[in-house]
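One chain, chain A, links the two complexes that follow: it is found with chain B in the first and with chain C in the second.
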Partner chain A sequence: MKRPGLTYERRKALTGFLFTLPFVIGAITFFLRPFINTLLYSFSTLEFQENSVKMSMAGFQNYIDAFVGNSEFLPAFLNALTDMLYEVPFILVFSLGIAVVLSSDFHGRTFFRAAFFLPVIISSGQVAAAVEGSATAALSGDQSVMMFQALSMEPMLISLGMSEGLISTIMGVVNNIFELTWKSGVQILVFIAGLKGIPGYLYEVTELEGANKWETFWLVTFRMISPMIIVNVVYTVVDSFSDAGNPVMKHISKLTQNLDIELGSAMASIYFITVFIIVAFVFWLLSRKTFSYSE
Partner chain B sequence: MKKRGRLSRRRKQSSYGFLIVLLLLGAFMILPFVYAIVQSLKPLEEIMVFPPRFYVVKPTLENYVAMFRSAGGDWIPFGRYVVNSLFVTLAGTFLHVIVALLAAFPLAKMKFRGSKVIFKIITYSLLFSGTVTAFPQYILMANFRMIDSYTALILPSVATPMGAFLLKNFMIQIPDTIMEAARMDGASNYRTLFQIVAPNLKPAVLTLIILVSQGMWNGSNASFVYTEKLKLLPTMLNQIVASGTARIGVGSAAAVFMMILPLIVFVVSQSKIIETMAFSGIKE
Partner chain C sequence: MKEMHRIPSKLRFCVFLTSSKSKFWSARCLPKTAQKPQKGMVIKMRSLLFHTDAETRRQNTKKRANLIGKRLGGIYRMLMLICLSVVTLFPVLYMFSVAFRPSEQLSDPTVVWIPKSLTLYNFKRLLDVFDYPLAMLNTTKITLVSTFCTLVSCSLAGYGLARYKFKGKALLFGLVVLMIIVPPQNILISSYVGFKYFDFFGIGQLVGLFTGEPLTYSLLGKEISMYLPAALGAGIRSGLFILIFSRFFSNLPKELEDAAAIDGCNPLKTYVRVVIPAAVPVFVIVSLLCVVWYWNDYYFTNTFMRSSMTLAGQLPQLKAKIDVTIHNISSGAAIDNDLLTALTQAAYIIVIGPLVILYVFLQRYFTESIERSGIVG
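Moving on, here comes the complex of A and B:
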């Protein structure tokens, strides 16, 4: 890397650029370009010909169709927004709490960590369909995408021999908490990894200074974990929005499958831009308050 | 461990109450998994019993045998799907971690012109869900002539922004001083990254490996591949599930089978996540 004639600053910039290059090329090719195309489609009318797709301008027509011509989109969209509003704080607090407990030394911690990660393994794609299919098919054949919502948990509880009244009570309480708990697997892991990165001497210092546990949590744990809080807020927002079981997503993929690409693209764009604004806002709010060695 | 014995004992006591809650929640997490195992061990006549039972009277391995013998695709042996999935998962995870480490390092530790823009690209690419861009992605793959090859299955996952995003945020936690020390001793950037920074990021890297490998193992990207012998396990599992009630047992067996690898990866990496920084002597 030693090149005469390059200042230290420029050399640093060059290395930095080279290191990030493989990733940037990938992100632009596989994510940015498809998204730009989605935007383009949302302003066009597509005609499918034998070997190609013909695009012609349609202005805002698809957007008007999304809001006015389609009765499903707007309610689903608002629904997804409000869901996110209570889901994100709950998931964050819950997963931080669980992570603090799971990252301390006790027997069987790996077992418990695995238990809390199981939902991530199961709820992804085909495995969920298979497990859930086996749970629901016997009862009604009604297959919801997210497994272990009330619907798919019921046959399991029935099989455990509970009475119907008891089940419906349990379901009412458990359903919400349970669903959110299921969505916390990744966040718990990220927090655990973050907690492992907190230098032990900080705890020694606070103990010597006579801080109690509550103070230690806020002064050391919470501060040091703050970069991970940003990670998890962004992850949770994105996960909640792009969840395949989310009504907007279901609607969009249905449209795409019917090759109603333009309308689907318009909805996807509205949806994306909303999330974009939310994430940008979260960043603006949180990034000035997080801990970093570099500053 | 000795040094912090007293401290961890104090923490231990406080968490007993929490442990009960933990046990309850943990039980709920495990139930579906147990249920899948039970279902996979049921003979056909027990699967058809209504209401479904949470236990199995006459456990049998016939579902697993059926899964191995004719796995949906009829003439393609089951092992082929397994090898395909293993290969794609391994290659994808390895490349993803390397690319993410490379990208995260300068973003976290060298403030250079443009680094902020690049990090913004990473963050906002997180939002592009596969569902939304499915159609343009297909067109893209077709243009690159990648359809029906492993490349179409591996490359997009390598470019997934999750890794770079996660690692960058973890790298911030590492003090600049150890890198300065490395540079003083004449280490190149590559050496600093792979021999100084990466080992200290072990919990984060292992977590990333868990996340990426399980995503790749479970993702089918079915629309990118149409040759039967290139297809992955989830596609096969899908075919079984689609074939209805009669194959529920086989479907459960395949689901259990598919959960084995992510679980192994998880347990192995989690048991390797030791308290890196607390014991490796990083002190600011």
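Moving on, here comes the complex of A and C:
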């Protein structure tokens, strides 16, 4: 192991680098190169030749095409954004609530944990997309309306005198509730891990000081869990964007199958940059307010 | 204990104050669940505060009200959990309910959840279109090998990032975060090209400088197109795994490794002998997530290995296959939608079945590991 001519620090640095070397090679070959290529494709026109691809610069033409020339992209894109706007808060609140309940002690905890983690096991692929689809279909009255009478809710709301727009929003959430609960598996998991990390003496202090449960939640639990909220917001945003059932993703993969690679890449880049901006913004917004031991 | 409850809450705090002077009575072990305070002390306190009967009674009613409130809260929590877990379990229940019933009962209004009769017919028909043993074997092989490769590469990278200082480390962290944020589907096209004209990490290009033609090799359609990225830390969600590993390793006490180094272990040996045994929980979590994600993956397997048969990879084409094989669509026969639904649900069961069984057995260990690993440290 001894290398003449290397100081202790340099040897350590070299060891560290060697540990990460496989990842560096892999990330450059299988991630960074395709990533940069995608950006390049989006600025060029491709011509397929027998054994290679010829690229020529096209400036922002593909981007203009994506927004102006393509009638499907913009609505799908906006749709994905608005979906995200109500999905992310719902998933966060839901998973935090479930995590708080599941991390306390009560009878049957094991069973409920298993039930709520089950989506983590299943919800990452075709089955999940299909399962959500079938559940939503069953709910919205495709075949088995009798299983859950969600349809009878609408007349009820109308008879209560609610406005049309409000009813459609409520029904939208109700009909998507499967999808949303199924998307919260990993978030529940992260929150539980975070809750377990809160030192118990903080709760004892609040109890001695006479705080009630509600105050304890906001003063201790919420404050201490805030770093995990960032993690979960980022995860949820990325997850909802990279979901293969997402309309934009569907559109991009359809373009790709038709070998319309430049336009697909341009859309992918727009999409990716948007995600990046949102994530960066969320990160910036929340990281100033979250708790951390070190700073 | 009983006496402790009888003391008004204000006074309980006094007990705490006086008793906390002794070292054994730290704040940690006092309230509610605390051990019995020394009897003499309690009596002394009580005599200080003329404890009347009326006061005791009030305390008792308050206690009872608290107890009832607690019970009600428990019932409420239970109800809420049951309702919500029905929501999460609904698709699975639906799956089982549909897959095991004769398809005619799907449009029977008298049957909702519990079928009138059970049958395995759907599964038998499914095996006509689904080469289950082969697909199962393929999926298991790809999943296990990829998971192993991912574990090795990601844990090494995570360890390197967590423990060593070197130039460009911040850059590497940035790369990891970028890998998490960029959806892999977005760069799929050029990954595809990269796999088709794989140039051995640029060596092929160098050879091309001399021979005039770059040396390339198509990885498409071969299982190595799954293994190679996994082995080099760029497989499915590898970025996330690297982050989890590095978070965990940076929370491990350093002393063990120092001791091993002083005893003459080289860094790699230290890693294998000392660090890995200390990091079992995080390895459990990552390997389970990794198994799940590789098992359920259809996007990459279908893109990079069109011909190969995996369980999840066959699902997207299932409808078309059923139409052709069972419904004889070419002969113009009508499509039986109920049968299609039943077969699809049966297919989901056999695809996720092995995972669910694995999960049921490992469930306890899994959830415990999550708590111990401090994923998010």
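We take it that the second predicted complex is superposed on the first by the 213 of 295 C-alpha atoms of A that agree within 3 Å, B and C clash if a C-alpha of one lies under 4 Å from a C-alpha of the other, contacts with A are read in each partner's own complex, and residues count from 1 in each chain.
In this text, a residue touches a chain if its C-beta (ideal position, glycine included) is under 8 Å from a C-beta of that chain, and two chains touch if they have at least 3 such contacts.
Remember, predicted model here, so these are calculated numbers, not experimental data.
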Answer with first, second, both or neither: which of chain B and chain C does A:Thr38 touch in the superposed model? both
State whether A:Val68 touches chain B only (first), chain C only (second), both chains, or neither. neither
Per the contact definition in the header, classify A:Met224: touching chain B only (first), chain C only (second), both, or neither. first
Contact-wise, after the overlay, does A:Met249 reach chain B, chain C, both or neither (first, second, both, neither)? both
Name the contact category of A:Pro199: first (chain B only), second (chain C only), both, or neither. first
In the superposed arrangement, does A:Asp105 touch chain B (first), chain C (second), both or neither? first
Using the touch definition from the top, say if A:Leu285 reaches chain B (first), chain C (second), both or neither. neither
Have a look at where A:Val24 lands relative to chain B and chain C in the superposition and call it first, second, both or neither. both
Would you mind listing the overlap between the chain B footprint and the chain C footprint on chain A? 1, 12-13, 15-17, 19-20, 22-27, 29-35, 37-38, 41, 53, 98, 101, 106, 110, 112-122, 124-127, 130-131, 134-135, 138, 147, 178, 181-182, 189-190, 192-194, 196-197, 200-201, 204, 207, 227-228, 231, 234, 238, 241-242, 244, 249, 252-253, 256, 261, 264-265, 268, 271-272, 275-276, 279
Of chain A, residues touching chain C in the complex: 1, 12-20, 22-27, 29-35, 37-38, 41, 52-53, 98, 101, 106, 108, 110, 112-122, 124-128, 130-132, 134-135, 138, 143-144, 146-147, 177-178, 181-182, 189-190, 192-194, 196-197, 200-201, 204-205, 207-208, 227-228, 231, 234, 238, 241-242, 244, 249, 252-253, 256, 261, 264-265, 268-269, 271-272, 275-276, 279
Sites on chain C touched by chain A in the complex: 13, 16, 27-28, 30-31, 74, 77-78, 80-81, 84-85, 87-92, 94-95, 106-107, 109, 112-113, 153-154, 156-157, 159-161, 163-167, 169, 172, 175, 178-191, 193-194, 197, 201, 228-229, 231-234, 238, 242, 266-267, 271, 289, 292-293, 296-299, 312, 315-316, 341, 344-345, 348, 351-352, 355-356, 359-360, 363-364, 366-367, 370-371, 373-377
Residues of chain A touching chain B in the complex: 1, 9, 12-13, 15-17, 19-20, 22-35, 37-38, 41, 53, 97-98, 101-102, 104-106, 110, 112-122, 124-127, 129-131, 133-135, 137-139, 147-148, 155-156, 158-161, 174, 178, 181-182, 186, 189-190, 192-194, 196-201, 203-204, 207, 213, 224, 227-228, 230-231, 234-235, 238, 241-242, 244, 249, 252-253, 256, 261, 264-265, 268, 271-272, 275-276, 279, 283, 292-294
Contacts from chain B onto chain A in the complex sit at residues 1, 3-4, 7-8, 10-12, 14-15, 18-19, 22, 25-26, 28-33, 35-36, 39, 47-48, 50-54, 99-100, 102-103, 105-115, 118, 121-137, 139-140, 155-156, 158-159, 161, 164-166, 169-170, 172-176, 188-189, 203-204, 206-207, 210-211, 214-215, 218-220, 234-235, 237-238, 240-241, 244-245, 248-249, 251-252, 254-255, 258-259, 262-263, 266-267, 270-271, 273-279, 282-284
